[in-house]
Amino acid sequence: MLLMEQTWPDVRAYLERCRTIIIPLGSVEQHGLALPLGTDAFIAQAMAQEAGRRTQRLVAPILAPGMSLYVHMDFPGTISFMPDTYTAMIRDCVASLHRHGFRNFLLVNGHGGNEGCIQNAMAEMGYRLPGMKYTWAQWWRMPEINAREDEVGLGRVGHGGGSEAALIMHVRSGLVKSELFGRDMKEARFRTSQDLVRTHVTETGIIDAQQERATAEIGAELFELTVTRLTAMLADLESPA
Amino acid sequence: MLLMEQTWPDVRAYLERCRTIIIPLGSVEQHGLALPLGTDAFIAQAMAQEAGRRTQRLVAPILAPGMSLYVHMDFPGTISFMPDTYTAMIRDCVASLHRHGFRNFLLVNGHGGNEGCIQNAMAEMGYRLPGMKYTWAQWWRMPEINAREDEVGLGRVGHGGGSEAALIMHVRSGLVKSELFGRDMKEARFRTSQDLVRTHVTETGIIDAQQERATAEIGAELFELTVTRLTAMLADLESPA
Amino acid sequence: MLLMEQTWPDVRAYLERCRTIIIPLGSVEQHGLALPLGTDAFIAQAMAQEAGRRTQRLVAPILAPGMSLYVHMDFPGTISFMPDTYTAMIRDCVASLHRHGFRNFLLVNGHGGNEGCIQNAMAEMGYRLPGMKYTWAQWWRMPEINAREDEVGLGRVGHGGGSEAALIMHVRSGLVKSELFGRDMKEARFRTSQDLVRTHVTETGIIDAQQERATAEIGAELFELTVTRLTAMLADLESPA
Amino acid sequence: MLLMEQTWPDVRAYLERCRTIIIPLGSVEQHGLALPLGTDAFIAQAMAQEAGRRTQRLVAPILAPGMSLYVHMDFPGTISFMPDTYTAMIRDCVASLHRHGFRNFLLVNGHGGNEGCIQNAMAEMGYRLPGMKYTWAQWWRMPEINAREDEVGLGRVGHGGGSEAALIMHVRSGLVKSELFGRDMKEARFRTSQDLVRTHVTETGIIDAQQERATAEIGAELFELTVTRLTAMLADLESPA
Amino acid sequence: MLLMEQTWPDVRAYLERCRTIIIPLGSVEQHGLALPLGTDAFIAQAMAQEAGRRTQRLVAPILAPGMSLYVHMDFPGTISFMPDTYTAMIRDCVASLHRHGFRNFLLVNGHGGNEGCIQNAMAEMGYRLPGMKYTWAQWWRMPEINAREDEVGLGRVGHGGGSEAALIMHVRSGLVKSELFGRDMKEARFRTSQDLVRTHVTETGIIDAQQERATAEIGAELFELTVTRLTAMLADLESPA
Amino acid sequence: MLLMEQTWPDVRAYLERCRTIIIPLGSVEQHGLALPLGTDAFIAQAMAQEAGRRTQRLVAPILAPGMSLYVHMDFPGTISFMPDTYTAMIRDCVASLHRHGFRNFLLVNGHGGNEGCIQNAMAEMGYRLPGMKYTWAQWWRMPEINAREDEVGLGRVGHGGGSEAALIMHVRSGLVKSELFGRDMKEARFRTSQDLVRTHVTETGIIDAQQERATAEIGAELFELTVTRLTAMLADLESPA
């Protein structure tokens, strides 16, 4: 149910039965020696697409690259929009869809750096556009994901960590160089911050992360947990207020 | 140690021994029937000021109002900057201070709606300005605060909830109308979201909150926990990388 | 009558009887060896607050820092918003208040560098928002102030000059280092301009100014003259068109 | 050779031998009853990807949706960025890549509405960033394409016309509803303009177009002509100035 | 019929009979050794003015300088607005006129670098403002101009070429230093692009151009061809849709 | 000495002897029943041009329309840039000229509504660009003008008042409908403000003004006084700091 694969009369027909759309958001950002630059985008896209398939809900084109103005910019290949640009992108995309009659927005975000832009864009759209409802999901903040991470000893997400590795192994296995897992995994040293500080990162680009325990099987589990949650969120979003 | 109360030669002298500044951020936003519009700002200001006093670190002028483009705008008196404006304010403030030689920035945020702007502004400044380190603190996300909230049965923060009420009772007791605590505390109905949705709020403006158990004593405790944490963050921020 | 100290039902009640708000604007800017960085803000805040107290009119939170992209930026501690930022701040603040029903706006500006932003922001708001009236006051442009300055030989304002010194001595006497008055008071050399030119300023930061004759008593006089004028402006602003 | 499928060490290695990148640009815009909303994006992506494959040159993630603030917005499903947003997107993307060392940029545009944004963004980047060379290609403006269109009687492009239909039949045949070709093909009435005027369009969304003669075979021909041209442009772009 | 020479009651009277306005756009940009910086502006202004005179249609003030962020900026005297600025200028000008009741806009552009800004500004205005029609003309893209250029052997336009020289000789003959025609006319070397690349230009600033055959007589012919076309475009623009 | 009439080698030669430029700024704004919309622009242009002629200094193209978001927008024909747009225009123009080596900027402003934009743009440019000096002139604020106004009983400027009428009679006499002077000259009623308030204006558009005493002779006098002053300002601007 990708919007881009529909004709406009298809969308007109869809809007007669349903006013919901799923918007995936990703990044194009270094993920260490073993994972591709598109990791966040591939994962978010796959999750959104599977949730859309199961619920017969439309999926908008992914907004990627994302906002990556962190240490990641020092690694070749990372592309970042400025925060104002990415915020405007989300706003414009939502405003276009709202104009056609979409009212329920589920954003599926694959990249922590996008959070500020999402918050700002959606607050402004919720303020300006009448009658809309929205929510957003980030797999690494879901309690069921965190519980499973703890059980299998993956550790929490960091950057380019075990869970991400597992998910991308499930979603796009051919792109993972698992033989490079765990090389040079020095820890970042700066600790007080909720944020990244420029001079504190391992040489590989990985932060606070353990990749060695990642497997495609665990990735499939985390993926299923997330899609299940997304499905529930869609139902909630569409329930009468 | 308020920057605004210094002369410029005072600041020049300060910079010879220390390159750290504390920046409080607040809001001007409805907080229900009992708490003043400046609740977030008063709390953040007091925390920043006390941390500055103990560590002899300068405190910049508070950035308030903040970003409040939510249901709060439907309640008289709420003032919100647009997200782009508030983001630019943080950027400009940090850039001015960086120009004078400040390099370590501790942001003390009193309002959840500001998070996106802080993330976006600081990511951009960290990217553009050489040699800076920053971190930011939000009392309601500190584990020691959450632990104490659980112990005394305050519940987590919501909006205008028990912890906020306790803190403002400690900081500016004269402004609290505690006789109005808890009136008309209907729950918000929309549940999937990390975000607020416009049509779901109690008539008082309070969300998911219990104010009745708030006391100035508990406020003093939470305040002390936060300031202790801020002091540690400052030390960490100033330690060699 | 500070807005930030009210609850939202207080503001709702206020709006039933009155649609006027006073907005102070200041700066965080060097004022020479003897006066604090917050001089303009402290003065504007005190004037607005006293006018509000006498007339029982609400006072919005001060917009400070202000726009100080002049030589002042070469002195440690000066914080400036970019002109576009400060203009947007005024616009957003006025738009929020207009949304709640405020219609009469009295801006009390304490800093000459803010004038362009005030003019631009208010012109745009006057153009976009229906039914609003506004005016703005700057004490150093009031004829009665200028007359008194001439009588007591204070000279016109310059930057950090005698009148400002007198006013801050009245408003926040503890912050003034009067023993440093007048040191190194070389004149600025560039003369044709209504504007400041970067390379022309004394080493102290003071421009065209005489501080030595400033006293708290003269400050009290100038303060009273200004507040009286503000009170009259409020009455005029609220009179039927 | 998709950038998103590489790791950052892959890109570092690539940059040692080559400083060229291909950037596809598309749209999400109604294309009549028979063609999908993603038509422009699918075509540009396929062309860029095939040119990259033949020359072993990297392809950046596609920038889609594009700028479609025309009559197309009246048809459900069209998503448009504002012109300022899309211009900033191109700028940010190019600036990120330039930072890593990319110097030769080939933009492959699939959507006429993007032209203004491309021109503006690339002019500014060419002005600000040292040492860069760029060029951009639009298949419908290539003389060899126009010659072939004339030979096979497809007519020039219009919107959603025969050439686009042929190309998308070649690239993503499963998405074309060729049984709906040509229905209700009334002509647009307004004629002086190089531009679209809002009230002048057929009911299907198709403008000045003949779809009936489109076949996948002609699409394959046009595709091959374009990719051959792109390959030559890449060689030219990399030749010493 | 220059708008600037009318009083507001003149314009009110005009709007009762006609809702059309002509807007010329130019540049202030180097045009080689022989032609003045204002070449594009003088030509567009004269064309617009003559079309206005013949049809009794109002002509708005010219928008010049234009967008010239190309190699031209390396030649003293070129003034360029940033693309975002020039786009906003066109938007604001059209919005002001639309507010007064103008509905038919003919833009007469004298400078290729402005095209992106015109496209972006007019697309956005067409999207936002109800009931407007617009079209834009560029003499060097008119088939009748190109045909005449071929007949007299002037070659196509390049930058500062024969046609421009001829037109400015017709319009402002006193400003042309025809004795410098053709000096140092080395060709630009970079050929794949529709665009200019910074390091590829002759030392005179002229690109791909032959000035030697320019005469005021040919200029008069091209001018007449253009004005005739503009007159037809005005009639078309005002015809019922 | 109009910049637009020079070739780039002319400007290169000029810069070898002088780094000064004069920039006129105007408006396109209603000036009552008798004066043309371009009044401010024609006056500023003529003053700048005459000062340039006498001193052999270059004059940049006028920036007009200006910022007129006041009651004037309710009168047909007024064109206003938004404040942010006009500020950016001044910035871009100055930055282009600074790039070529201009360092001394004299702005000759003909329209009070532009003041905020000038202040903001020049403060930012003075802050960002090294080595520049600037000043700006407004004839209606010059003491010698005010003295002469008092002597001949013209009254101070208002909007479209006697001095403006006299000046435009001197500069472009053919455009003045002096037979309409003074019709319907009701006073504006709102009095506290330094600013205009939307609902307070006469029906003619004239504010606080007396046109009847205006003559071309007085206009010539005021014109001469202004140009003399401009000449002195240029000398001062070019004197060593």
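The letters A, B, C, D, E and F name the chains in turn, as written, and every chain counts its residues from 1.
Rule of thumb we're sticking to: a contact is a pair of C-beta atoms (placed from the backbone, for glycine too) under 8 Å apart; a residue touches a chain by one contact, two chains touch by 3 or more.
If you're wondering where the values come from, they're calculated on a predicted model, not measured in any experiment.
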| item | value |
| --- | --- |
| For chain B and chain C, chains touching each | none |
| Of all other chains, the one whose Cα centre sits farthest from chain D | C |
| D-E, E-F or C-F - pair sharing over half of the B-C contact pairs | E-F |
| Cα superposition angle of chain C on its copy chain E, in degrees to the nearest 5 | 120 |
| Greatest separation from chain E - chain, by CA centre | B |
| Separation of chain A from chain D, taking each centre as the mean of its C-alpha atoms, in whole Å | 26 |
| Length of the line joining the C-alpha centres of chain B and chain F, rounded to whole Å | 47 |
| Two or more partner chains touched - positions in chain B | 73, 82, 84 |
| Ordered ring members, chain B first, chain C second | B, C, F, E, D, A |
| Of all residues in chain D, those that touch chain E in their complex | 67, 69-70, 73, 82-84, 87, 113, 115-124, 126-127, 132-136, 141, 189-200, 232-233, 236-237, 241 |
| In the complex, chain D residues that touch chain A | 2-12, 15, 28, 30-38, 41-42, 60-61, 64-65, 73, 75-82, 84-85, 88-89, 92-93, 96-97, 99-101, 172, 175, 177, 205 |
